[in-house]
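One chain, chain A, appears in both complexes that follow, with chain B as partner in the first and chain C in the second.
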Partner chain A sequence: MTLMKKLLGASAAIALSAGAALAEPGLIIDLGGKFDKSFNESAYNGAQKWVEDTGGEYLETELQSEAQREQTMRRMAERGANPIVVLGFANASTLEKVAPDYPETSFAIVDMVVDQPNVQSIVFSEHEGSFLVGMMAAMASETGTVSFVGGMDVPLIRKFACGYAQGAEAANPDVKVIQNMTGTTPSAWNDPVKGAELTKAQIAQGSDVVFAAAGGTGVGVLQAAKDEGILSIGVDSNQNYLHPGSVLTSMTKRVDNAVYTVFEQGEEGFTPGINVLSLENDGVGYAMDDNNKDLVTEEMVNALEDAKAKIVAGEIKVHDYTSDDSCPAG
Partner chain B sequence: MTLPKWADVVLIPLINLLLALFVSGLVVLMIGEDPINAMKIMVNGAVGSTYGWGYTLFYATNFIFTGLAVAVAFHARLFNIGGEGQAQLGALGVALVCLALPWPHWTLALPFAILGGAVFGAAWAAIPAYLQARRGSHIVITTIMFNFIASALLVYLLVSALKAPGMAPESARFPEGTFLPNARDVFGMIGVKFARSPLNVSFLLGLVACFLVWLLLWRTRLGYEIRAYGHSEPAAIYAGISPFRITMITMLISGALAGLMAVNAVQGEAQRLLQDNVLGAGFVGIAVALMGRSHPVGVLIAAVLFGALYQGGAELEFETSVPREMVLVIQALVILFTGALDNMVRGPVTGAFLRFGRRPGATTKAAE
Partner chain C sequence: MDFNTIIQILDSTIRLATPLLLACLAGLFSERSGVFDIGLEAKMLVAAFFSAAVAATTGSVLLGLGAGIAASMAFALIHGIASITFRGDQLISGVALNFLASGMTVLIARDWFNQGGRTPALMDGGRFQPIDLPFATAVADVPVLGPIYSELLSGHTILVYVAFAMVPLTWYILFRTRFGLRLRAVGENPGAVDTAGISVVRLRYSAVMIAGVLCGIAGAYLATGLAAGFVKDMTAGRGFIALAALIFAKWRPWYALGACLLFGLLDAIGNRYQSIELLGVAVPGQFMQALPYILTVVILAGFVGKAIPPRAGGEAYVKER
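And then the complex of A and B:
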């Protein structure tokens, strides 16, 4: 009987603390892990920065499998997290189902559009950022062959590849662009061994600059590039520090800023609808720091800044693969 | 049997469970968390609210089906560890049925979905069963290998023929007419508030399955033949029971039960076909059957226990910094102690009964 009472007391205490935790923002880290040095980590860093700046607290959980998406999202909502950020296109169909059940809760989804009154869809103009790093790759290449390693073969990643190929061709019309995808399932986001193998195969075909847009798989790509003595380009987060002197630059996709903004706006400032982060508002870009300053010439930076200004002004149109599922380059 | 029945079905599983929880507590302590607090969160998360109960019983429904699948095969001395693959194929069957027609109402869709899940699950079990019965290829080896084939087959279908428009490898949503009423709706009708959870009418289906399995095994001629074959193959053959027939029929029933899990997981919750629809329930089914002593009632109780472990574990991961892997360790320890290390407890307990207990009736019978 005493044990029963104790248990009941404990459950009451937990219920109370859950009540007090109302309106903390929530973040659901997607498959591939929190420290993938790329997409998820960028989101995590954004949340951490928010914690540092505001001293607030947030709820965080990490997915382990596809089938947990729904329970995890619901549990976040039941716990009172608001707004809730979910990462990645794979959440779209689940969110479409869950969001209407919690009309009081605001959701934000990165990389996909979900049309619900309480959902903000954050999408990036990856093709524009990839265009810039594609230019830099072609300019840095000595063999005239550059390559691309994608994660899961989905339109989103083809969008990266297509922008990259267009940029490379803009800088050097005779360039050869090799493209490979790691796989067709979400496991392709976390397969560094296969990433390294693909990179080595591309090097054998003459590539001397490789761009990885593959989540955790990219770690293997960058490592193989370093081992074989060629240049690589990171993605999502600034990955220049991983192998200084080998990583040419990183195509940054400021998922961290997106998460930070959603957290900061909180419940009150939340705006549903589509939020496009592009070159214009620094949602995408290329990373320059001490680790890669010896690799990037002034000529490259000037060319990229010039192209960036023209893209923002609309003078250069970078084709978006997802607009018609086809690519004019590569 | 030198143990009274109550000790075999209640005492030993209970001691196993307590041992497993004790060792889990030590592990939790080692990573620097408070085991008592962890336990409280798990118990509270699993049964402390209608939300917790909803998920606990939802998971339990999965384990009832996979547990029964293993249990039925056990009675014929067939170790079917392919529940995972059979359930995956069952998921495919259920999905094909649900996507085939614009079903007007769930009461129409459910019988066909049951049929789809059962037929696909049974068909996937039929090949290893045939190989065992005719070629002598060991069923443990073939069923586990079929798990991998099933998973690869589903991945293939989900990136090709069944893929919905969009980027994720999943099928289209099922039409609304296939959605099963969930606990919230059902309790809502009688005015009871029940939190949102995927618990649905398949739970009742699981209870019916328990009863039917009991009926089959202990009240029909076929059940008698299955059990006779399991106890002694030569005796069964002498009695005119065909090993081929029993192996095939038992495995078909077993595969069908595993396939039925998909009615709960796919039609009841996900409402579309995913890559991994089973989430290890096929393997948990083995532990459930072991712990439940291959009896439907035992399977039911063990399934609810494992459902609670699953849900409580998920809650633990959510509430504390205990990593998800830790939850797996706890579940694995329960499986280890109830399944693999059963004899470690059984020996001393039997000894204790012989030394201190009244000599149970079963002992004299066994001694004859």
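And then the complex of A and C:
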């Protein structure tokens, strides 16, 4: 018994001293999982890079169910993590509630805007990145039909779809863009069977380039595209390596950089407010590497670079679906 | 809608109906013997995981199929022990297995593969490849019949043909063999079967194990035929839809085929037309996605007449009180 007490006392002392030291940053990973080869994995990689570069440590939790959001967020704050990066739009309403209870803790949420004095909202201009890959899709397509598979039907995913359709139409005004959403519940992020079936249905309708913005479901989309011999476009992380020769490019969203920056700035450098990562600061873009260099022509790269410069300069305006919940294209 | 589109939708229907059909027939065997089985989902899920895991590690899809069937049979055995030997509540045992499968697969996947609860993507040797029926390319140009043969019937994986062959086989076993007669009798009146000197327990165990084999094939088809690997909860409620199809089919093999094809067709149409113009009104995609479930409820509510389950279903057999 006394031994037990001593042990408990010792561990409590360690816990206290850890709390007194400079706080470690925290990362809350969204449903879909740390290794979704996409959004969450990108964030995880950013955190890992920070660990490698600085030798620091961070706290990490992976959400397992919808019901854990608030509990997880509070526990992370109470463990003393600071700043805390929260991934995913679905956490916004929870953070709205939790953030005021921990005014000393800084939060950063990715993909959604939460208006609180201790929250930094990191949003990406997905529509701009999607515009570029949409252009590339339309240029690579031989049938003049390209398609899109979204995960859960939410405004954020429609933003991808809308930018993609606008880009495709910019490159080829006669292009036909087919859009499908996997579902309306979070399980739509994890249904590769349905993703593959949707892709096959789109191929049957003539599509020969498919863009997947669907988390784990996208794995099935890319696989089906490879099986049927058409091109696909990955999302969030660089997914070109998944099926070399079949994945045309990936619409990269540098969640890793965002996480890295927040971690590096730490408590002192933290700035609340909205932080937009766009083409201009390479927050979004398209991925080029050895796996897809044979698929992408110089003409495509030139056209994309030209469009990119024009978007940054404001000469091309890409409509953002979330600004008015409607899309002029597609 | 032209002829080609219809062929493509029907082709997709066959792919989507296959796992339902296998699970539905599994339920048919089990419930005809008097053991209700709402753990179809669980058995499919463990089979999907173990088939993908073994196929990913060994590179052999047949070993994967074997592992999937073995895992599914292990779950069937647990269900049998709980509800036949120990006379527990069959529904509760099924629910427990569903939860166990959902949590266990992800946990093991994390430990083995370290990829957040999924298996690595399967390479070509680890998946069932589509097989072309003889002369499929030769007759492709024949009008009407050509596409039906070469696109609709040919080009599926072997498990699809196995599933469809199971329908007449199930009918034959249940309605034309002595084993089948006894199996149906044990689901209606186990006392009579027992009086005739036939073991009720053994018959029910064999029915439950057959269900395990069929669910194992269904799960393996999901993970190694349709998809290329396992992700958590990838059965996505198909086990429950199969149960609905079983009731809809009034526990009969041929009707089961019809019910599963109908549900597959609704799913395929939902995938193909996510927004469809109907009489000038744009029907939203969400409605198309809900349609299979709405129809299930509507059909179950009144259009199939009275669905009478096996009389002794859901009750453990007690020899003497």
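Following the convention adopted for this analysis, the second predicted complex is superposed on the first by the 311 of 330 C-alpha atoms of A that agree within 3 Å, B and C clash if a C-alpha of one lies under 4 Å from a C-alpha of the other, contacts with A are read in each partner's own complex, and residues count from 1 in each chain.
One rule holds in what follows: contacts are C-beta pairs under 8 Å (C-beta built on N, C-alpha and C of every residue); 3 or more make two chains touch, one makes a residue touch a chain.
Being a predicted model, the structure only gives us computed values, none of them experimental.
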| item | value |
| --- | --- |
| Chain B versus chain C as contact partner of A:66, first or second or both or neither | first |
| Which of chain B and chain C A:223 touches, first, second, both or neither | second |
| Touching partner for A:186 - first (chain B), second (chain C), both, neither | first |
| Touched partner set for A:110, first chain B, second chain C, both or neither | neither |
| First (chain B), second (chain C), both or neither touched by A:84 | neither |
| Which superposed partner A:92 touches (first chain B, second chain C, both, neither) | first |
| Shared chain A contacts, counted only where both chain B and chain C touch the same residue | 62, 184 |
| Residues of chain B touching chain A in the complex | 40-41, 43-44, 48, 51, 55, 155, 158-159, 164, 166-170, 173, 195-196, 198, 265, 269-272, 274-277, 279, 314-315, 317-319, 324 |
| Complex contacts: residues of chain C adjacent to chain A | 5, 8, 12, 15-16, 114-118, 121, 222, 226-229, 231-234, 236, 268, 271-272, 274, 285-286, 289 |
| Contact footprint of chain C on chain A as seen in their complex | 33-36, 62, 153, 179-181, 183-184, 187, 190-194, 196-198, 200-201, 204-205, 216, 219-220, 223, 242 |
| Touching residues (chain side chain A, partner chain B) in the complex | 7, 10-11, 14, 61-62, 64-68, 70-71, 74-75, 78-79, 89-90, 92-93, 97, 101, 112, 154-156, 184-186 |
